[in-house]
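Please find the structures below.
In the two assemblies presented below, subunit A is common to both, partnered first by subunit B and then by subunit C.
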Partner chain A sequence: MKVEAKVLLYLGLFFGIMNAVYWNWSLENAGGVMMFAGMLLCFLPGSYYYFWSRRMKARPEDDPNATQTSGAGFIGTFPGTSIWPFTLGMGAFFVVLALVFGIWFLIPGLGLAVWALFGATAEGRRGGTH
Partner chain B sequence: MTDVLDPPVQLPPPPPSHEMLEEHGHDEHHGPTGILKWITTTDHKIIGLSYTVTSVIMMIIGGAFAEIIRAQLASPNGTLVSLSQYNELFTMHGSVMIYLFVGPFAFGGLANIMVPIQIGAPDMAYPRLNALSYWLYLTGAITMLSGFFTAGGAANFGWVAYAPLSNSVNTPGSGADLWIGGLLLTGFSAIFTGVNICATVFYLRAPGMTMFRMPIFTWNMLVTGILILLAFPVLTAGLIMLYCDRHFGTHIFSVQGGGVPVLWQHIFWFWGHPEVYILALPFFGMATEIIAVFSRKPVFGYKGMVFATLTIAALSLGVWAHHMFTTGVVLLPFFSIMSLLIAVPTGIKIFNWIGTMWRGEIWFSTAMLMAIGFLITFLIGGLTGIYLASPPLDFFTHDTYFVVAHFHSVVMALLMAAMGGLYYWGPKITGYLLNERIGKMQFWFLFIGTQIFTFPLYVLGLEGMPRRVAIYPHDPQWKTLNDWSTFGAILIGISTILFVVNVAVSWKKYPSGDNPWDAQTLEWFTTSPPPHHNFYRLPQIRSERPTWDHNHPEHRSLTHGKHPELTEDGLEKVHSS
Partner chain C sequence: MSQAIPLNSLAKQEKIVHDRPPMLAIGVMIWLGSELMFFSGLFAALFTIRAHLASWPPKGTHLDVLQSGIFTIILIASSFTMQWAVWLVEHRRRREARNWIIITMIMGALFVGNQAYEWTHLTTRWYTNSYGSVFFITTGIHGLHVFLGLVAMAFLLFRMRGREGDPGELSTFQGVSYYWHFVDVVWIGLYSSLFLLK
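After this line comes the complex of A and B, so read on.
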């Protein structure tokens, strides 16, 4: 966890310093705002990882001397197949076509997207198929 | 038939008592077949393969556009296409290549397949999100390309869509809107893939696979993922603003309503320059893996490579306005300094690649040739980039063919690394090798073609030929240079045809075995193609080369900072098979 936290925090710190120089020097706001947001985007997960890296013992993947047995057990649920990503993707496709060809494309678009939302949630509650 | 292989490498029998990664057995895995399998799959290998195939098709489409462009420019008053068709062609050539080929090929295709296997994970962290990002990419590609079938034709404002050229007065019609919509979809697909890669690397590494034991390719993909998350939302926001300007009467980018046209350039390039590294870093990673494996050595300066990658990522957020020097409203010294600084980590990388090859037992397979071709061509592109980072030189060459030649050197280098990646990892993905003889022919056509294609463009640019023109003045020298460039483009086209021929000729013909290259990283430990959830067993991971350590226990990698073992006469022990 420590390395992950450091990567993000140092990146955020560098963006912050760079932004301080840029904003004061350039008198231009757009880039400064975007760089500031970039800094926050690094600090948010980085500080989360830092917080936990100080409070939990090293995971097997952080332990240089870990054996494969130390990581054995349940990793997570990985659904083998699912139709809902395709349904949601087609929904998004129709929503974008509505931007171009007319508002009526929103009906199939949002319909598919909402259907996929319910379907994927129900599938998640079942734990997915293996 | 071919000089494919040294003696095949036999994996030693598995060490006892390795736990299975999952509880359920592999034989009980039943699922849909055929097209339903393709639609419903959440397996990162199948999704990655779909990404790879789709993006290679996009490369062929974008390449066909390029050949038409070069044919048009072969004579000063070319009449092959009309002026407006030419605008559509160069716009869609850039858009297809940047948005639909180079990026998705790397982070959606090969990285999607290889990152989980390289760190010993059973799948991506979010398999269904991974599938969704493929469908968004595919529909985005279809949306963008369907502009050609509308009455007004495809988008024709250049792949950068500068305001005010891209507003509804100057570019009416649905082709431009389809371009925006397609880009929204592919943008979200990239963001989701970035989330997936970061989460996979942070949470699904195998025991003992510490961050500083990850292969360089995985490190580069992690940094690419972070850059995607930093950059792509900016583009998406900008596209929504552009769409609002076109249809909802806002004036964000138009002077009439008090907007700022240059703001579009700021937003676009704040995405666009990190995007250059999003495109380049995965291919740096591929080249690193290939060069190390085919030099029979560990990566030289592993930590330096990681540090250089992170430095490139850090600097990439502060260089966007070097695309905007001639607008006259950007802070020239800041962007010039930051852009020149990028040369330092890139130089470290080039140094380390050469250091990896130094005194190695180099095996000139097609993948290695492609990686060396990448190194040389990228160096040319990188060095000419240093000129462009200097404002006085950029004022002189801005929007000339010099810029075109610079970034085509860079992206053609990336294409070589991409082809190297396919030749290197293809056997892992499919279980079959590609034909090496056709592969080497392909390399020489690609490499020589690239140099013949770009060198005249540098000269043309310095002589002042502007980019994005369909016709140019009758000047014998300009015509000669353009003809050479077109000839180079034809050679590149032949190399692409050779690749397709090679895939057809070698189709299921040369079984590869699990580890045909005697490679080093974890993906070569599993079977080719890998099973569902990737591994039946995992080796002990004690260095960044677990497969090598397992296959060559007498030449184990040492942990970082340890001195190498020396032989009696004081020489470093050479790692060889």
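After this line comes the complex of A and C, so read on.
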């Protein structure tokens, strides 16, 4: 995790220094604000990875001599198969149709989307089939 | 099954510790990066317009700095109650965590309520001047984010129903909490630049 953290933190540092230079010499604000946000964009996940790199053991990815098998084991909890992405997609489809054919398409569109959100949340609760 | 009971009661006292960052939490962090850039676009517009105005806020703008300040403090406090709920879930005290989520939701709803009050009572409208446009678009988008945060918390409560937790519960909790903290920090920036900055 250390490598990822370092890459992002140094990149953020670079943006920070560049931003200081830019803010001083440019006569506008938009670019400076965006560059400042660019710095934060690097620091946000970078500091999160750094926080984790200090409290977790080295992963197989961190070891140049690691084999495929050392990465085996528990990764996370995921539902095995799920209908809800499809339902959500159909909901989004009808919502977009509402822009073209009339507002009443929102009724099935939002209905399907909300149904899918409830379904996916409940599925996450059960953990699905592994 | 007979072995599961003592194991379960032992687990109740232990803190839940992930040995690596949950994928969901990393995903939320990266998504918050895109949210950050989205809001920075709004901030860039705000500061560009501010640079072109003679006074900020323009004359004739009547903002209630104190009232909004009070609700800002409520929103910041809701970040702490949210984090407290995460801590409770980490220590397997789910029932208390649920209550603190409800408290957080009430505080967030109070903030949105004040936002709605401001929107209807502010004499400056979105068509009055450029400050009005910036004010309504930034507070509107932010208010929408707070509202969606409340929806996310409602889903969290829906997901927490039942007596036992599940392996994915803590990371979901953390994901919602990261989002909530992010929305709070953005509001601190917005409040400072819209209300306090002269």
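FYI, the second predicted complex is superposed on the first by the 107 of 130 C-alpha atoms of A that agree within 3 Å, B and C clash if a C-alpha of one lies under 4 Å from a C-alpha of the other, contacts with A are read in each partner's own complex, and residues count from 1 in each chain.
Basically, a contact is a pair of C-beta atoms (placed from the backbone, for glycine too) under 8 Å apart; a residue touches a chain by one contact, two chains touch by 3 or more.
Just so you know, these numbers come straight off a predicted model, no measurement behind them.
J.: So, A:E28: does it touch subunit B (first), subunit C (second), both, or neither?
T.: Touch partners of A:E28: subunit B and subunit C.
J.: A:L117 contacts which: subunit B (first), subunit C (second), both, neither?
T.: A:L117 sits against subunit C, while subunit B stays out of touch.
J.: Using the superposition on chain A described above, determine whether A:L41 touches subunit B (first), subunit C (second), both, or neither.
T.: A:L41: touches subunit B and subunit C.
J.: Per the overlay, which chain contacts more subunit A residues, subunit B or subunit C?
T.: Larger number of subunit A residues touched: B.
J.: Tell me which partner A:T69 touches in the superposition: subunit B (first), subunit C (second), both or neither.
T.: The answer is first: A:T69 touches subunit B but not subunit C.
J.: Per the contact definition in the header, classify A:W52: touching subunit B only (first), subunit C only (second), both, or neither.
T.: second
J.: Touching subunit B in one complex and subunit C in the other: list those residues of subunit A.
T.: 28, 30-31, 34, 38, 41, 49, 75
J.: Flag every residue of subunit A that touches subunit B in the complex, lowest number first.
T.: Where subunit A meets subunit B, its residues are 3-4, 7-8, 10-11, 14-15, 18, 21-22, 25-26, 28, 30-31, 34-35, 38, 41-42, 49, 60-72, 74-75, 78-86, 88-90, 92-93, 96-97, 99-101, 120, 130.
J.: Would you mind writing out the residues of subunit B in touch with subunit A in their complex?
T.: Where subunit B meets subunit A, its residues are 17-24, 29, 31-32, 37, 39-43, 122-123, 127-132, 134-136, 138-140, 142-143, 174, 177-178, 180-182, 184-185, 188, 202, 204-213, 222, 226, 229-230, 234, 243, 263, 266-267, 270, 310, 313-314, 317-318, 320-321, 329-331, 334, 338, 532-533, 537-542, 559.
J.: Inside the complex, what are the residues of subunit C that reach subunit A?
T.: Of all residues in subunit C, those touching subunit A are 19-26, 29-30, 32-33, 36-37, 39-41, 43-45, 47-48, 50-51, 155, 158-159, 161-162, 166-169, 172.
J.: Which part of subunit A faces subunit C closely enough to touch in the complex?
T.: It comes out as residues 1, 28-34, 36-38, 40-41, 44-45, 48-49, 52, 56-57, 59, 75-77, 117-118, 121-122, 124-127.
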